[in-house]
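Take a look at the structures below.
Below, chain A partners chain B and then partners chain C, in two separate complexes.
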Partner chain A sequence: MAVLRRTARAYGAMMAMVPKLFMAYQIWVWMQFIVQIISLVILVSFWSAVYAGESSLSGLTLAQTLNYIILAQIFAPSTDTNMVFELGYMVRSGQIGMRLIQPLDLQLALYVQKVSEIALAFVFNLPLALIGWLLFRYHVPADPLVWLAFLVSLLIGNALLFCFDWILACASFYSTEVWGMGMLRYGVALFFSGALVPLAMMPGWLRTISTILPFSQALYTPVSLLSGITPLSGMPRIWLAQLAALVALGALSRFTFSRAVRQVTVQGG
Partner chain B sequence: MIRYLVLYWTFFKQRIKVLMEYRVNFLIGASSTLFVQAASILSIWVVMRQVPTLNGWAMAEIWLVYGLLMLSKSINHMFADNLWTLGWDYVRTGNFDRLLVRPIDPLFHLLADRFCHDGIGHFVTGLILVVVSLVQLNVVVTPLKVIYMIITVVSGGAIFIALNLITGVSGFWVMDSTPVIRVVFEMHEFAKFPLSIYPKAISAVLTFLIPYGLASFYPASYVLGRDVPPTLALATPVVAALLVFISYRVWLFGLRHYSSTGS
Partner chain C sequence: MSVIQTENLTKIFRVPQKDAGVRGAVKALFQPRYKDVTAVDGVTFSVEKGEVVGYIGLNGAGKSTTIKMLTGILVPSSGQVRVLGRDPHRERVANARQIGVVFGQRTQLWWDLALIESLNTIAKIYEMDPQRYDQLLEQFVDLLDLKDLLKVPVRNMSLGQKMRAELAATLIHEPEVVYLDEPTIGLDLIVKERMRAFIKQQNRETGTTVVLTTHDLGDIEELCQRVIIIDEGKLIYDGPLSAIKERFGKYRQITFEMARDLDGVDLPAGAEIVTQDGRSLVLRFDRTQTTASRVAAAVMEQFNVVDFSLAEPDLSMIVKQIYQGALHPEAV
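Right, the complex of A and B next:
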């Protein structure tokens, strides 16, 4: 019991550190807010122009699409694990040496930190949600069950994406430079997560790729439930698929790290 | 002028040597922005294949607007990306002193310090989009049109650089100017699409205040023979020259207020 308490305290301290870190750079928070508003206005203007002569596209009306797009913008931080850059820079700078000798599981510690960061990003997105609602009157479900199902799907989806990114990040032990890989991952995730276009609008072959890749699990899958594209009745099947992917990616990420970490070289001095 | 060109070439060669230390990463980095742009382009394609036009603009016409903007952006990204780092990498660390004690213009030194290969991806994306658009639309490409587009792209690049310089100078006071630069820089996202899809106020801002529209929408309209005021379509080089002049004055003002870390 004492061990459990000590472990919880250690990981809890890592979670608590994140808000302090964010607040130390308030100007960045404001910048993010303005950039998000710009993004939102562009997306709404774009979709409104797209629907100018159409009542529905791929079975979605303008209201449904805007609902989805605005909610996807609010919950988009779920796809930003940033792991490729973070682990990569740790390896490059040698900080990884200090992290590895800490009596913590590095992967779990960074996961806990990421969950805290994402939760905080959602909090910071509340003004965006409010302004989005005032400007565009999007709808959110009133049923608490839908919200619960959404949260479960979001958590599993984010965890499995974290494991996927962890595997990618392990490449830094071999290459020691990850900028290109990080940007590549960002570009692929931007499209295949469904942040810009609902997966329902993609042609079959692109939808298949999106389903195979893990990015949509952290955004499209949960947000499509919240925006009414996916019915609540379909969730048990989706959860099962998400859990299976989480177990497989979790195991693979542990194995990859155990192999990759043998490559680490930390310069002394 | 020739002295500075020779100097830039020397800086450039050194930078390439540094980048070549990580060859694979250089290639991935150079093509990385290609993937980010591919995400946006693929999204537009997914949507536009289902509708005939976007506010009267066909998909191939949008590629021209998007492509011209990307080409201008690539100039800024390749040759002036270091402006983003002025605050946190030069002023805060005291590294800026190094630039001041050398017998060359400190702004030139700052820009020449780092050629950013990530911009190559933007350049390739822009070039492909412009060529695809012109071919698909059967636009008669006269030498005059080619010269007009080259001048527009270079001027557009100068608009990007001038706006980044004006906002980046804040680094002399706030140490980290990245958020200030980014807020204005992100406005260029609007100019990827025809300005006619936005409310009039936004369109006006992108034409007269933060004129990214002069690097994309107006030149594209002019090349396509659309109804657009010729004054605006031809204004890009003039506005670019004016903005470069203003931004350099702002830079000199910032420079006078620079105080070193003293360590």
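Right, the complex of A and C next:
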């Protein structure tokens, strides 16, 4: 028990560094807020134009779609792990050496930092949620069970996406030129996570691809529950699928890292 | 049991080879070429508890690569390494808990945060007892003069301030083994003195084992009883500092400035040319075989000497001789 407490304290310390580092860049915090408001207005206008003269598309009304889109924008940071860029930078600059001399499991330490970053991003999105509500009056469920189910699905989905991104990021141990892969991952995630389009509107084959890829697990799956697209009764089956994916990707990411870290080259000084 | 043990430790890097120009870049894209570079070549040594060992060599000799294998960052290509009985790479986290590392050109501190934030976090990730941490923090603040720096973000510190902070961060969790990779690089004399005194005190009071790589031989003379010299990845000397001083200290060096260019010079037995460049001639002589006056007289008989100076052997001169091959079998 004491060991567990000490370990929690150690990784907790890494989590606690995130808000301190975040606050060090105050201008960026404000810029990000402005960009998000603009994005929200553009997306709402776009979908309103798409629905012109139509009462529903792919079984979703305009109100349902807007509800989903606004909530997806609020919880979109769940898909931004940035692992390919961050690990790539560490390996390329040699800073990976300073992380490997810490008495921490690197993957777990970076995961808890990411969870902290996402939680912080959600907090900073609260004004966005408020402005979105004032402007567009979206609906959120009143049932605490739905919120609990959403939170569980979000946590599992984000963890499995982190493992997927970790596997991609391990490529940086073999090639320092992973910037292109990071950009590709960002673009693919933006579309397949459901941040811009509800997956329910996609043609069957595209929806299948989206479901197989892990990006939607960190955003569409939990937010569709919150916005009422997926009923609460469907969650146990979804959780099971998410957990299975998490176990598989978790094991694969551990194995990949254990092999990749042997390739570290930190030459000079 | 030794704290550090290496046996035939070898590290080979695979370095990409690219020709110049656009053609070279295109060629490298379709037909990448690599060259194996042996950075550390069959190095064997051991370090006992409480020793302060200087690990020295020229740039690119393999010093930092060895340190990185000892810390568990790099995996050896072949050979064995054990630190406190562990394989540093396989048991990286357990090894990291008992070591401290300063890489002079990198930082373990959080650049944008006040120093105290970094130290508090380090205490937590090393699972320190809070009371012991407070006690050591007070002591380190005093010894390294950190009082005015605790609330300063690391990026706003001078190099000397940053290195003092780095040293505190490295030793605050009371590691059993400390690797200092060029810790005094770029520092002024006063900061160097303070850092050396601190390292010496930590070693004396806590029995911390220290492996120090440096180009500053003042660090070596001040801190180390033993030196390991590495050249082109190979270990060329491992022994007491006093032994190489004694062995090479019998040589003295005389530098002559001539009125005209030299073509050849006859020297008495025991004297030899170190360098000869235009009108400048540097000789060394074995003082057990001849004397400075005899060597100077011999040169002055043959040339019109404008100026000359006699240098007593110091560590830098000795190490220079060793780097120039004085330890190679044919040179002995």
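Criterion: the second predicted complex is superposed on the first by the 269 of 269 C-alpha atoms of A that agree within 3 Å, B and C clash if a C-alpha of one lies under 4 Å from a C-alpha of the other, contacts with A are read in each partner's own complex, and residues count from 1 in each chain.
As a working rule, a residue touches a chain if its C-beta (ideal position, glycine included) is under 8 Å from a C-beta of that chain, and two chains touch if they have at least 3 such contacts.
Note that this is a predicted model, so its numbers are computed, not measured.
Undergrad: Counting residues of chain A touched by each partner, does chain B or chain C come out ahead?
TA: Greater contact footprint in residues on chain A: B.
Undergrad: For A:Trp239, is the partner it touches chain B (first), chain C (second), both, or none of the two (neither)?
TA: Neither partner.
Undergrad: Regarding the shared-chain residue A:Met181, is it in contact with chain B (first), chain C (second), both, or neither?
TA: Only chain B is touched by A:Met181; chain C is not.
Undergrad: Using the touch definition from the top, say if A:Phe122 reaches chain B (first), chain C (second), both or neither.
TA: In the superposed model, A:Phe122 contacts neither chain B nor chain C.
Undergrad: Looking at A:Trp147 after the superposition, I want to know if it touches chain B, chain C, both of them or none. Which is it: first, second, both, neither?
TA: neither
Undergrad: Can A:Tyr89 be said to touch chain B (first), chain C (second), both, or neither?
TA: Neither: A:Tyr89 stays clear of chain B and chain C.
Undergrad: Where does A:Phe136 make contact in the superposed view: on chain B (first), on chain C (second), on both, or on neither?
TA: The answer is neither, since A:Phe136 touches no partner chain.
Undergrad: Please report the chain A residues shared by its interface with chain B and its interface with chain C.
TA: 25
Undergrad: Okay, in this complex, where on chain B does chain A touch?
TA: Residue list for chain B touching chain A: 22, 24-40, 42-43, 46-48, 50-52, 54-55, 118, 174, 176, 178-180, 182-183, 186-187, 189-190, 193, 197-199, 202.
Undergrad: Which residues of chain C touch chain A in the complex?
TA: 13, 39, 64-65, 68, 71-75, 89, 92-94, 96-97, 99, 101, 103-108, 110, 112-113, 117, 120-121, 124-127, 153, 181-182
Undergrad: Taking the complex as given, what residues does chain A use to touch chain C?
TA: 6-7, 9-10, 12-14, 16-17, 20-21, 24-25, 94-98, 100-105, 262, 264-269
Undergrad: Please name which positions on chain A make contact with chain B in the complex.
TA: 25, 27-28, 30-31, 34-35, 38-39, 41-42, 45-46, 48-50, 52-54, 57-58, 175-184, 186-188, 190-191, 196-197, 201-203, 206
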